[in-house]
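There are two complexes below, and they share subunit A, which is joined by subunit B in the first and by subunit C in the second.
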Partner chain A sequence: MRTKSTLGKREALSGFLFTLPTIVGTCLFFLIPFIINIFKSFFTSGGSFAGLGNYIEIIRNKVFQLAAWNTIKFMLVCVPLIVAFSLIIALFLYKKLAGAHFFRTVFVFPLVLPVASVILFFNILFAEGGIVNSLLSCFRIPAVDWLNSSASFFVLVFLYIWKNCGYNIILFLAALNSISKEYYEALRLDSASTWKALWHVTLPMITPHLFFIFVISVTNSFKAFREAYILCGNYPNRDIYMLQHYINNNFQTLNYTRLSVATILIFLLIFMLILVLFKLKNKAEEHNL
Partner chain B sequence: MKVGRKKGIGVNIIIESVLVITVIVLLFPVLFMVINSFLGSKEILSSYGGILSGSNLQVHFHLIPEEATLEGYGEVFLMTPAYLIKFWSSLFLSVSIVLGQVMVSCISGYGLAKFHFPMKNEIFYLVIILMMMPTQVLMVSQYPVLSSMGLIGSYFALILPGAFAAFGIFLMTQVFSYVPNEILEAAKIDGAGHFQILLRIMIPCSNMGIASLVILSFIDNWNMVEQPIVFLKESYQYPLSVFLSSINTNRLDLAFVCGVLTIVPAMILYLFLKDALILGIENASFK
Partner chain C sequence: MKKMKIRYKLLACLTALVLLVGCSGCAMEKEKAEQIPEQTDSLVVYAGPYTAKFLNMAVKLFSIIYPDINVEVRDFGDYSDYQNQQNYMEVLKSELAAGTGPDLILFTPVDFEDIQKTAGSGAFQNISGYIENDAGFSLENYNSGVMEAGVYNGQRLFVPISYSINLFLTTEETLNKESWKLPSDLQELYSQMTEFGQLYRSNTERFFSHYPLYSFLLESSGIPVADWISKEIKVDDEAFRDFMSAYKELYSIDWKRYEEGIYVKDPNYTYTGDTVKLIRNNKIQYIFESYHPSLLSDYAALLNDQTPVYAAFPSLSGKPVATIDMAAAVNRNGANKANAYNLLKIMLSEKMQTYGSENFCLYYDIPVLDGVYKKLLEEQNRKYAGGGTPDGSIRYALIPDDTINSFVSLVSDVTCSNISPQVQSFVWEEMKSYFEDQKSYEQCLESLRNKLELYINE
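Right, the complex of A and B next:
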């Protein structure tokens, strides 16, 4: 008996040692500085206790409010759009059409493509005298300054979907393929319609996967900063000024207290969002059982 | 019966055409860049003069250039080596991060996937949460550490945190957990140590998974924007992914060529590892 427990202890030690690089890396580059930042966030830069003063200052800051609202707005618009769009495409591909494998492979291509390498294309596409406006003028629609007006928000939404839809399509296809064929056969015996099969089998069966797809879509929505930065620089139009721009620009002035308070708030916000999604997922699973 | 089939074919044609249109929209930017990289400076001026001068002159885009030349390529490859140097330093940066990440993730992934020890689940949850955070949130924590190490302004400020990125650890933990425990038990009975098991069993059994880590991580770092613009001080150090946005308007002809050059490494990896890429996306998920 005793040998078994020492063996277990040795196993645990080996496991710990193998995981050590991760533990050290995470502690060094995130956990320890993050905890120090939390501690420091309750003090003024002079060193006197400030309570929640730094937090109140940030939350009242107009630029922070704008950036936070834009980030949330972007998420609320993009995530449902991309989930719906990629689900439709995945359902198409799932029907085992000619070339389904080819399409699946091509759809992830934008993910691989460096945005910087094709940014010129998007510049020319959306410029004032660009391709989109020329097309619009055929329908006598007046030219829009896509990159320097509030329309830039939609440009960014388009780029986000262009880049990330392949990722979601693959996840949806994996979810669809995990559904047992027996369910469909049972329905076919009942001579149910395609819509009925979709509503009563397909959608309920992929609900557990939806959780992760939502999470990854939210995660990827933060990465849209890359496109926004490459297309419009540090100070884009106010409609796409995101929290990421805010942090970046505060890095330029090295206002570290403001930086750490802002990131603590963002961390908490995302943490809560993940918790809510997780709770929703558990509820959906209970409901299905 | 016949009517039903006819209707089915009609629907299929509509679906196929939707898919084909989507593919064209997704791939057109690359085609556009490649075509334009063969334009001479004269044709660039006549096509995109409006963009260059910042006025709202219409652009004229031709699918087939009136006069295809290799002028741009000649200049980038022979006359102005600065662009090629950038290319190689970008490649050095991405390859270093990928190598570091593969090493860290394989070792830690083995620990997290195949052992039980206290706090293991908490560590794994933290990895997942970090994976979802915007890069900027992580950078604010990394900055003081890198600064006290004296690394701000050097490529190591990008490589070191990059090697420990949460995504790789998460992916390899998932990949390794698919290796059946029976094989490991058998190897242990034969007297294999943990490192032997990792090198001789875990890694060879998961080569597709590792390939998927290589391509996903390479792409992410080849495209990196967030870290260089904060952690590097001089704009001449910027990797191609950031640098390209600054040459866009001055030298449009060179920008097209550099754009194509930037696509090439990602394209090669994609062509060889596209199945691994898809597998990686499927593996890096949880229910």
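Right, the complex of A and C next:
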């Protein structure tokens, strides 16, 4: 008993030591600054206590409202689209059709490309005199100002899906490969359709992975700012003005009170979303059981 | 059941906390004008690439007056390397955002693209109270029109150290060739721009000025574009439309030529006599200058064979519009505010204002202390009169005292520009398609309004 307990303690200690650098890093670069940030958000830039005054001011701010709505809208449009699209592609690739290897590479390729060169390519594609408008003019369709009009939202959606679907496909393929072949063989013996196999075996078996991919896609959708920023600058068309634009621009003008409050509000938004997703996942698992 | 109880308790605690925080916030005190704080034994300042020379000299004087105070100067290198400026801005902005940074911030338009917006963010200390309670210092002897630029919502958040205004220089002979006179208001300037643009569109031998004028014209016109304080966008005004229509006519021989590499003067050539030759050879209509010693030396050179005349760019208000070139602010979170305030006063002293002007380290130009500039111009006039270029093509005549006096009066009675470099770049980015006939005026205006709305309301 004694030996077992000592071993357990030793294991716990080594485990702790292994995780120590991560814990220290997280505390130093995330937790402590975040707590300071929360503390600062209750004070005016002059140092007087403001209570929830800063939060009320920001929530009432029209540009913040626009940025928040755009970020949520982007997420609501992109996440279901990318999850569905990458699942469909993964299912096709899983079937090991001819050229599957080639397409796997094609879809993963955008992942390894540097963002700056991707944006350069998109600029060539969607500039006023770019490739897309030249193609449209062949069909006598009037040119669209893709990057300076409401159309910029769809350009960003397209860019997000193109850039991120490769990663989701890899995850889905890993999930699909982990499903035992016996389930499909059993279904084949029962002469079940492909649709039935998908609905009754594939989807339930990949639920945990699906949940993970969903969470990753949600968090990635918040990072689409980087692309929007390089593509259209810090003041883009109002349809792609995201919360991170708001934060970044306020940093440039040293407005750290707004910066703190906006960051906390984003954190709360992501936190609530993940919480809801966890609840849904738990319910789905309970239901399956 | 137990779990539910704990949840309800947590919810109740959270609600109570929120109410408490909210209520105490409502009782927030209004900020009062502050007294000068207690003096400490140290001072921290950052020597940015564009401000280092002036700052180092001010620190030297400070150390003589306050020998017991330890001054820490963090150097960011020379402005010849662009990376130095980037490093400086990264450090400065991050530290100010974190509530640390230098005690006194000395800056130029290169550092903060919109001084008013930055000042309004709360990073700078309101020093109105310091000045009110300082018996040994007053702003009476400083250019009031320029000093007013540092006041935001009744709080003095930064203090200008130097400023500049944009001027035109030409000769009666050059004007007579076009049957023009010096433009006294914006409408006259617009009609000259339109006429010149139409006449010389295809003549690459004639230029309106030796340098593209767009941004200088806009900033000097005093046309309101967006007011960050009142949150108003004024691009629908007639004044804005008139300006854009006039510049559209000039665009093809102004910016467009510059962009296409058609220069009237070698862009890397900075020798002052060059612009004088361009006027003499009837290549340009106006010498544009915001650096006044150069303008006066050109004036002195032209005095030998022609009748030089100059004017400030016309503006909407009728007064020349000045741009703040260098300013200083006390860090609101600085630990040594009293020392920072004392260093600021040294920067405003006659000794430093003269030093900055004489050594060309006031970023561009005119010191804010009355009288200093006149003295400097008089000295320079005497020093350079009779001299000239080594090849003898340019000789400097003595400028009459009356001219110096009227020049100083012109550059002293000014108002400050309300267009930040950031707003200027928005206008340029969006209106360029209109100048190039790619989009209609309304389409460009719509995009511009969109950007400005985001900018002033965020």
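Here, the second predicted complex is superposed on the first by the 266 of 289 C-alpha atoms of A that agree within 3 Å, B and C clash if a C-alpha of one lies under 4 Å from a C-alpha of the other, contacts with A are read in each partner's own complex, and residues count from 1 in each chain.
As a convention for this text, a contact is a pair of C-beta atoms (placed from the backbone, for glycine too) under 8 Å apart; a residue touches a chain by one contact, two chains touch by 3 or more.
Quantities reported herein were computed from a predicted structural model and do not represent experimental measurements.
When the two structures are aligned on the shared chain, A:128 is found in touch with subunit B and with subunit C.
When the shared chain is aligned, no partner comes close enough to touch A:280: not subunit B, not subunit C.
Of the two partner chains placed by superposition, only subunit C is touched by A:51; subunit B is not.
In the superposition on chain A, A:218 contacts subunit B only, with no contact to subunit C. When both complexes are overlaid on chain A, the residue A:271 reaches subunit B alone and has no touch with subunit C.
Of the two partner chains placed around the shared chain by superposition, neither subunit B nor subunit C is touched by A:197. In the superposed model, A:251 lies in contact with both subunit B and subunit C. Counting the residues of subunit A that each partner touches, subunit B and subunit C differ, and the larger count belongs to B.
Of the two partner chains placed around the shared chain by superposition, subunit B is the only one that A:26 touches, whereas subunit C remains out of contact. In the superposed model, A:161 lies in contact with neither subunit B nor subunit C. Residues 128, 251, 256, 259 of subunit A lie in contact with subunit B in one complex and with subunit C in the other. Subunit B meets subunit A in the complex at residues 12, 15-16, 18-19, 22-23, 25-30, 32-33, 36, 48, 50-51, 55-59, 61, 104, 107-108, 110-112, 114-118, 120, 123, 126-127, 129-145, 160-161, 163-164, 166, 169, 194, 198, 215, 219, 222-223, 225-226, 229-230, 240-245, 248, 252, 255-256, 258-260, 262-263, 266-267, 269-270, 274, 277-278, 281-282, 285-287.
The residues of subunit A lying in touch with subunit C in their complex are 40, 42, 44-53, 61-64, 66, 128, 148, 235, 237-238, 241, 246, 249-259. Note for the complex: subunit A touches subunit B at residues 11-23, 25-26, 28-31, 33-34, 36-37, 89, 92-93, 95, 97-99, 103-124, 127-131, 134, 143, 162, 166-167, 170-171, 174, 208-209, 211-212, 215-216, 218-219, 222-223, 225-226, 229-231, 233, 243-244, 247-248, 251, 256, 259-260, 262-263, 266-267, 270-271, 274. Of all residues in subunit C, only 18, 21-26, 28-29, 31, 93, 96-99, 112-114, 117-118, 120-123, 332-333, 426, 438, 447, 450-451, 453-455, 457-458 touch subunit A in the complex they form.
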